[in-house]
Amino acid sequence: MTEILAALLVTLGLAFFIAGSIGLLRLPDLYSRLHALTKADNVGLGLLVMGLALLTDDPFIALKLVLIWLLVMAASSASAHLIAQRARRRERGT
Amino acid sequence: MILDTQLLYGLVGIFLFSLGLSSAFASSALLRRILAINVAGAGLFLLLIAVAYRGPEINPDPLPHALVLTGIVVAFSATALALALVKRLRETDDD
Amino acid sequence: MTDSLVWSIALPLSGAILSVLLPRAANGIGLASVLGSLAAALAVIWTVADQGPLTYAIGGWTPGLGIALRADGLSALLLLLSALVAVAASVYATAYFRQAEQRQRFWTLWLLLLSALHALFLAADLFNLYVTLELLGLSAAALTALSGQREALEAALRYLLLGLLGSLAFLAGVALLYTGYGSLDISTLTHRLSPGLTGWSAAALMTSGLLIKTALFPLHFWLPPAHANAPAPVSAILSALVVKAAFYLVLRLWLEPFASLSTPELVQMLGVLGAIAVIWGSWQALQAERLKLLAAYSTLAQIGYLFLFLPLILETSDETLRHAALGGLLLMALTHGLAKSALFLAAGVVQQHAGHDRIAELRGTAQALPATTFTLALAGVALIGLPPSGAFLGKWQLIAGALQAELWWMLGVVLAGSLLAAGYVFRLLGHAFGQARYPARSLSIGRQEIPALGLGLAATLLLGLFSAPVWSLLAGLAPAGGLNP
Amino acid sequence: MSFDAWLPALIVLSSLLPGVLIFTLREGSHRLRTSLNLGGALLKLLLVGIMIWGVFHEHVYESRWSLAPGLDLVLHADALSVLFVSLSTLLWLVTTVYAIGYLETSPHRSRFFGFFSLCVTATVGLALAGNLFTFVIFYELLTLATYPLVAHRGTPEAIRGARIYLKYTLSGGVLLLFGVIWLQVLAGPIAFVQGGILSDLPAELHPQLGWIFLLMILGLGVKAAIVPLHGWLPQAMVAPAPVSALLHAVAVVKAGAFGIVRVVYDVYGVEFAAELGLLTSLGLAAAVTIVYGSVRALSQDNLKKRLAYSTVSQVSYIALGTAILGPIATIGGVVHLVHQGVMKITLFFAAGNYAETLGIHKVSEMDGVGRRMPGTTLAFSIGALGMIGVPPVAGFVSKWYLGLGAVEAGLASWVLPVLVASSLLNAAYFLPILYRAWFRTSASDWPHEQIPARRLETHGSLLWPPVMTALLALAAGLFAAAPYSPLEWAELIAAREYRQ
Amino acid sequence: MTDVVWGLLDLLLILALLALAWGSLNSRNLQRAVIYFIGFGLLLALVWVRLRAPDIALAEAAIGAGLTGALLLAALRDASHSPDHTDRPDRAWRLNPVPTLLSLGLAVALGLAYLQALEIADPQRLAVAVFSHLEQSGVSNPVTAVLLNFRAYDTLLELAVLLTALLGIMALGQARPAYAQAGPVLAGLVQWLTPLLILVSAYLLWIGAHAPGGAFQAGALLAGAGVLLRLAGFPDSHFPAALILRGMVIAGVSLFLAVGLVLMLVGRGFLDYPPAWAGGLILLIETAATLGIAATLMLAFLGGRPAAWSLDTSTTGRIQAADMVRHNTGDNP
């Protein structure tokens, strides 16, 4: 039962990843691309982590997985912010 | 299958090595040359790790692993020095 | 006494570490560790002469699993050469670098380079050799850039990148050998290796990698700018020792693991490349407008001579000829090491004194710097190969070997090379002897002139008159046909 | 090690060590330098005296030092080496005295005398060399030691002369080296043994021996100034007079001639060389050189240049004597080694005196110089007459034996005309000088009078050396039959060579 | 079934690897080439995992892709500052088929040699020897055993190589302060991340004895923390005093060498650990090495001497003043 749930979560996560990647390729400008990528990836990774956490018996490993998710979220949101800031500044021509 | 994995990755390693080596000789831009050398080195590391691989069940040969670890650090050192030289060279150009 | 193998590497390395920590004491630390490594090198050669080849298993692990250090006559002699040149160049450097910061930078890198050299001469493991080659290459490139001038930086970068390519080729060969023969230990591989695609490819890769590093024609183009633009003591070390280290490896590899792979055509080809290097290098030296460039081109030619010996050593069944030629080769290498370092050190004095090193404007040097001019002359004598230098005995063996092996083309090369060498040496001396109308006052810079003179004298007199032990040290080294049964 | 094993080495060291010490002296330490120079020269004379005595009584003096497998540095005394050693030692002493006077005020004296001593060291080592390997080493050393002497003045002409000198001698050295190594590859280490050692080699090697002979004679011929390898010699006269004196009389040209003697007598063996047919061409080359040098000397107005061409001609008498099979010609050739040296050094000393005292460099400026400088001119005259072959001066003895030897060997048909022609030419270029010096009236003033006329015409240390050597030349002719005379030694050498 | 999955995975990995390598070598745009190269490094880390080399994967991710990538990006940034060094497309390479053919020839020759080598090889090679001596090595991670015991000498020299590179870089001149102070988002992230990185690096160091990890991975991570701090614009006045800085740089190599020599002086032989002490000594050496590697990698990233390194105090003051100026004019939002 848990295995099926885990498989479902992982698949869903992958779907978000794919959607994010397509968005990266297809969307018209930087901001919407960033939007697609970070949002999709963070949710995708979250689902993935949840799925994997279900599969393990060791709560310590599950904790580590969650930690990874948090780290990636922090890093990706920070970098998205930086990229967007940079792009805006360039647009303003400073 | 073990042999195949070894063979496959080893050949890819050799291909990367050759590719990196020849474009290191062919390109004139310094940064590109440094990149090429790094690619060639990575190819060699891949070859060594492929040789060490002995299948999903058996522990791989740790000796090449240690060699590659050393190699990675050495390659980083060389790259860092080379990039610093490039940078310094640019600064003397600017001055 | 086998501990001295470790000491000859560990002392310069400790010196380097300490001089990073205590930069103000770098001069003292450097000199002490260089002298210590000379003592260790003397102990090594003494023990080798006494007991034969030495092996030291580091960590007590059998070679193969662990790494061994090894010294035989060949490596012990080169170790001694390196330690000797190191002492002279170090004493010289204490006066050459006037700025404390610069001196300290020199010391740390130079001591690291020296440890790399010693580690290379004593290495008995192929991957260990790769690491020493990288240590050598990096420290040499960093030293080349020391002056910070544009030309020096450019030369250093080119030197570094080509050196890296060379090391990579070497490592590729090592990887192939490990794949096929399952060992990195040189003597184990010597027993296991047999002719075949694996061996040949590995030999080709490793040899070409080393040929770049030793600057054999046509892979030489990086050398003249690097050696001509580095600070004088650095040029001395690069020319005298670093290129020789790579050559030593070529020789070592073909005497031992690759001995069973050598074919007459291949060895002849190396000999022919050597011949072209002799002519080309000497010709370029004859055209050179700067003293240090002359010295650098002359190094190309001298490396060529070393390769000329290979057909006599690797492709002969006559044990006496082989032994004689090996001794001659080593004597050439030792003489060139001493003479070329003397030349570069003297060139540094000339450059500092005159403010330039343009040969055509050196009139009056003999008046202002008699000892240095004498050093230039001594080094020149050794480079031409005139008696009583060690190179004369070396050349004698080369000619005798070529006559015995009926390699007639080699005679022409030696003839032309010697005359061209005489041409560039005496062109320099001719200008140096020219009388200046207003000669600068004769002066002496003891800490710089004496080490250079000492090296020059050692190249001409010491090696010329007291070199008989070289042959006895080399006795029994790598009998014909390698160690394979 | 016994004294006998050290003596040859000591003789070499007795000029080497003072030379090295002199290099380190300051310009100003005049007295120390002089005492080192003279002390070394006198010590060497003493040691050579002991050696002469010993060799006459068949003592064996040999110093040996191994440099590499099969390559031993051997210093060995035999009759021929003693002859050459004594000549160089004696003339070194005289030349040193002369040079001290000559270079009194010029710069770089320490450098000069240092190389001067090295030059003598090389010459002595050459003389004592016990095998071809050792000979080659000292032969090249001689080149190296003389280069700074020729270039000494540092003027563009001096540098140019030195460069030409080097071009010739180094090329020659390489040829000699190749020949020697080739020979050693065929026959093992080549010790000098009277009668030669090569006659045992199998016949199929004989063609190679011919080529080797050619290589070695070409190599030696450069220093011996055999035509067409003589081009450096007239150029090298830019050197200071003592150097020219030494170069022409003892060191360089003699090294070449001595080498030819060694190769023919003690390597090939004169009979074996004749059997291989090698001597005729050597003789012809010598004959051509003799005539050519004399003809060129005729047209030189520069005094030193005229003397230089005279050297070209005279040194080949030695080669000529060597090339003629038979003991009498051998005596003539070998003794000329000494006689030419003594006479030619006299002439160069005198030429140096004219230049240094009065600024005379050309023959055309020599009118009446005999009255201004009688001592020097007398010495010059004795030397010149000796060169022409007027008895009783030494030159006559050499020519006489050469002529007799040619007759004995049946070569009179071409050797005698060469000798006669050469003597006539000698007369033609020397007698006008003597005529001008003694019988023409002097011009109002000399080109560049540097030393005013006093009781002596010039400095004592400049005057006495030519007078001494002129007397020696005279004595060598007058007392040719006395024991220990050069002729006596030459006879001893010939006797030993033809003993078998 | 699993074979097919593995095969597909292999194929995917290899194709992606080759594509990224090709891109980084041939891309017209230098910036793009560098990005491709970083991607190549990350993918390579996956390949190492695939080939059961997790130690290498960690090192590759941290050093090969991470730090090398950061260095390359920094170099690019410098390049874009000087107008004549902007990305020049390498026309020679594009128009010239010779290098391509050469590389193919070389690859074929080496590939054949590799085939032959696999054929003649004893597949065990030295693995057996390593595993059979593992118990005496003092650690249970075989890679650590090789690195710090069996082939400890190589590692010692490797640390020397690292030191050499750093000294070479420092010899080139002063480091120029180049990074603007970060905005609150980045600064916040870095402030949160740094302690975590230090913690993880300590963990990697400790775990290295029996699981993937060790001094190099730990040191690289620590250095990564330092690089982040620098990127976030924390000025180098935060460096410790010269002597401590110098001590840190040489910590690894000097302790390593000292242990080796002391063992030799007490009569055991160079780097010949007593089996009972081996584990402890290795941990000691690794700890020092981690510190040294971290300091070295971090300083190497500066591309020159930091002011704190300098012997001459007068220049230190000037450089710090320059730092201040730069910060004040920094474009903070």
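To keep things simple, chains are lettered A, B, C, D and E as they appear, and every chain counts its residues starting from 1.
FYI, a residue touches a chain if its C-beta (ideal position, glycine included) is under 8 Å from a C-beta of that chain, and two chains touch if they have at least 3 such contacts.
Fair warning: this is a prediction, and the values are worked out from it, not measured in the lab.
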item: Pieces of the assembly after leaving out chain D, positions unchanged; value: one piece
item: Each chain counted as touching chain A and chain B at once; value: E
item: Chain at maximum distance from chain E, centres defined as averaged CA atoms; value: D
item: Chain pair, C-D or B-E, that carries the greater number of C-beta contacts; value: B-E
item: Label of the chain whose CA centroid is most distant from the centroid of chain A; value: D
item: Chain whose Cα mean lies nearest the overall Cα mean; value: C
item: Interchain centroid distance [CA atoms averaged], chain D/chain E, Å; value: 73
item: Chain A-chain D separation of Cα centroids, rounded to whole Å; value: 98
item: Whole-Å separation of chain centres (CA-atom averages), chain A against chain C; value: 57
item: Chain A and chain E, separation of their C-alpha mean positions in angstrom; value: 27
item: Residue list for chain B, restricted to those that touch at least two other chains; value: 10, 17, 21, 25, 34, 47, 51, 63, 67, 70, 74, 77-78, 81, 85-86, 88, 93
item: Multi-partner residues of chain D (each touching 2 or more other chains); value: none
item: Where chain E touches two or more other chains, by residue; value: 110, 114, 118, 124-126, 130, 151, 154, 158, 161, 164-165, 168-169, 172-173
item: Chain pairs in mutual contact under the definition given at the outset; value: A-E, B-C, B-E, C-D, C-E
item: Contacting residues of chain A [partner chain E, same complex]; value: 71, 74-75, 78, 81-82, 85, 89, 94
item: Chain C contact footprint on chain D (complex, rising order); value: 23, 65-71, 73, 107-108, 111, 136-138, 140-141, 143-144, 147-148, 151, 153-156, 159, 162-163, 166, 170-171, 173-174, 177-178, 181-182, 184-185
item: Of all residues in chain B, those that touch chain C in their complex; value: 10, 17, 21, 24-25, 30, 33-34, 37, 40-41, 44, 47-48, 51, 63-64, 67, 70-71, 74, 77-78, 81-82, 85-86, 88-89, 92-93
item: Partner chain A, residues of chain E touching it in the complex; value: 183, 185-186, 188-189, 192-193, 196, 331, 333
item: Residues on chain C engaged by chain E in the complex (per definition of touch); value: 3, 6, 10, 13-14, 16-17, 20-21, 23-24, 56-61, 64-67, 100-101, 104-105, 108-109, 112, 115-116, 119, 127-128, 131-132, 134-135, 138-139, 141-142, 145-146, 148, 153, 172, 176, 178-183, 196-198, 200-202, 205
